[in-house]
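Everything on this sheet refers to the single structure shown next.
For reference, chains read A, B and C in written order, and residue numbers begin at 1 within each chain.
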Amino acid sequence: MEWIGRALEKLREKKPLVHNITNYVVMNTTANALLAIGASPVIAHAIEELEDMIALADALVINIGTLDEHKIYSMLKAVEIAKNLKKPVILDPVGAGATKLRTKTSLMLLEVGDISVVRGNFGEMAALLGEQGKTRGVDSLTYDKEAAKDLAKAVAKEFGVIAAVTGAIDYVSDGRRTYAIENGTPMLGRVTGTGCMTTAIIGAFLAVEEPLKASVAGLTTFEIAAEKAFEESPYPGSFHVKLYDWLYRIDGEVIKERAKVREVEP
Amino acid sequence: MEWIGRALEKLREKKPLVHNITNYVVMNTTANALLAIGASPVIAHAIEELEDMIALADALVINIGTLDEHKIYSMLKAVEIAKNLKKPVILDPVGAGATKLRTKTSLMLLEVGDISVVRGNFGEMAALLGEQGKTRGVDSLTYDKEAAKDLAKAVAKEFGVIAAVTGAIDYVSDGRRTYAIENGTPMLGRVTGTGCMTTAIIGAFLAVEEPLKASVAGLTTFEIAAEKAFEESPYPGSFHVKLYDWLYRIDGEVIKERAKVREVEP
Amino acid sequence: MEWIGRALEKLREKKPLVHNITNYVVMNTTANALLAIGASPVIAHAIEELEDMIALADALVINIGTLDEHKIYSMLKAVEIAKNLKKPVILDPVGAGATKLRTKTSLMLLEVGDISVVRGNFGEMAALLGEQGKTRGVDSLTYDKEAAKDLAKAVAKEFGVIAAVTGAIDYVSDGRRTYAIENGTPMLGRVTGTGCMTTAIIGAFLAVEEPLKASVAGLTTFEIAAEKAFEESPYPGSFHVKLYDWLYRIDGEVIKERAKVREVEP
């Protein structure tokens, strides 16, 4: 897994501008995660400035966590602009399956945009394929290793994207090749927006790698940082703080030592 | 006060979904406080998804900290839906008394909804009874033990709610029975949104206890966690971090040891 | 530089109400920075309550970090009200130069309002004078000591304000007198919203000092707090936490020991 460390070095050298249209809950923490790892975040959703901002950006992150009609319109417009400007886009369908609005909005974005990567939990990703009732608020009600792997493949095929289904084991698939990542800690579930941070971190890697590799690198790097943070602080407040410390401190050595990534298919 | 520890255990077992329509300043910290204690938070205000989301929720938290006309409409709609679905609702009238808009919005919510609990500081709660000029920004300009107790009773009677007036001593009343809670630390005043967190934590307890008990349990648990945090870190940044740690670590033993709750009336 | 310590004492005694119309990314951290130093923050943008809130406030902070048309209208209205009520206003033109919307909005605010202080990085401040292309997202693409000094003077003269151009060395000018401040740490660049915090802290000093002194005092105090925080924690998550601790702990002694402020002109 030495390529992940090298991808991280490339990211830090490039310091990519990552444009986020994201939810209000995680704006601050997303920006801090991106700064800590070495990217340059911008959070902006005004219709009038999307064209200017996306032109400057190296990647676009769309996160539907707190919707309203202006924001939905802004997201649709943004993915269209990104398509025209050939900028990579990652979508986080937060809470898809919990409400019809979220499922519908995610599907519209997938239709209108040229999305490179979709990252979500089991319930959210299942909802994109029409399976409702597996999301409660923004949490998945279900998770099963075998099903998660198949779900990643199915979402990838259905929408022509890289699909990352995160959970106890993460599965990343382009519909043909599928990778499993077993890093991380359950403490991530006790801090809000850690899923959203993962998405944004993958967004930063999209500026330096093709989407499948960017997804594997982003998830692995983020989750190893979380492992290190948890070893220093087993409680959620302190863990959260150390997570930024480790997004800053992590390097190829630590990744090589810790990465539990394997190709499970074909 | 052993029942408070038991209520906390019930909360952690149930992991209630707490739906928050809250202000932008505290969205992240509210979600983290709820996650730390063991609840499952969701922050959502799109009109189109309120029905779906409230149907899933165990309790609804309404916090008027940053208003605009869309949000007011969304809050009014939400309390109506919660009334129909018989979901418990807690209202935090942030800054009532500082501006007419905030006082008026709080009163509308109390009229339209079936609010279980209202939690505010002295100035905010006094404003609900028509006494203006006791709030400066979002802080109370005045506090007096005896007056606070009477205010809790009066608000409870006027609106048919459980009223929690927080300050140096907190008073919780249903209009007849009144409890005083003397836990906490002044350092809570140096971190933004700690009042809002208290409200959200009471919201989580509303999923497992009737409103009067939920209010006493929420305030006591939160304020003891704050005491423990302050003992570890007497400065606001570190204190804030430790507060989440202790919302996670606190248990029946710590509560039993520390709780300063007494029935003051009748 | 003993006057800075005295200004800080005055600030803490007065506990000024600082009204912020700011971006969603930094609302929480701005409020916490203001609370830590000893001010009383309020974040509010509803048109309907601006008049009431600004009447109560000791200073107004306008930060254009996340715009939309409602917010622009609210900001324009707010600076008009502040002008009528003779309340000091500080403007943070976040991202000016990156998009036309941001540059244009900043210029409108300068035209409509009676702005006391403008604080921005090199790219943002240059954009106010018509030089585009020096901002990438919310970061400056360029910085040069000599140019920064001249830029501060030029912005001050052009708009009749105190201009603070922050960077490796900060320059504060009224167009005639110019001060250089060499405190701070590059780690500030790894935490989102530290520029916005600086602006808000200057806002708090505006309640107790005239604008030139308030700007010098705010920048110096904030950046020395950052130095102390960095000495305790060289990683961004922990540094961020310690920054609030030191905004609370800093006093005249520490400032006297550390301040690197000098008048460079005339």
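One rule holds for everything that comes next: a residue touches a chain if its C-beta (ideal position, glycine included) is under 8 Å from a C-beta of that chain, and two chains touch if they have at least 3 such contacts.
A quick map from chain label to UniProt name: A, B, C = Hydroxyethylthiazole kinase.
This is a predicted model, so every value here is computed, not measured.
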Problem - Angular offset of chain B (Hydroxyethylthiazole kinase) relative to chain C (Hydroxyethylthiazole kinase) [C-alpha, multiple of 5 degrees] - result: 120
Handout entry: Classification of the chain A (Hydroxyethylthiazole kinase):chain C (Hydroxyethylthiazole kinase) interface as same or different, half of numbers criterion
Key = different
Completion exercise
In whole angstrom, the CA-centroid distance of chain A (Hydroxyethylthiazole kinase) from chain C (Hydroxyethylthiazole kinase) equals 33
Problem - Shared-contact residues (touching 2 or more other chains) in chain B (Hydroxyethylthiazole kinase) - result: 24, 28, 240-241
Practice task
Under the touch definition given earlier, write down the residues of chain B (Hydroxyethylthiazole kinase) that touch chain C (Hydroxyethylthiazole kinase) in their complex.
Solution key: 23-26, 28-29, 65-69, 95, 98-102, 136-139, 189-193, 235-238, 240-241
Fill in the blank from the handout: Within the complex, chain B (Hydroxyethylthiazole kinase) is touched by chain C (Hydroxyethylthiazole kinase) residues 17, 19, 24, 27-28, 31-32, 35-36, 40-46, 48-49, 52-53, 56-57, 70, 240-249
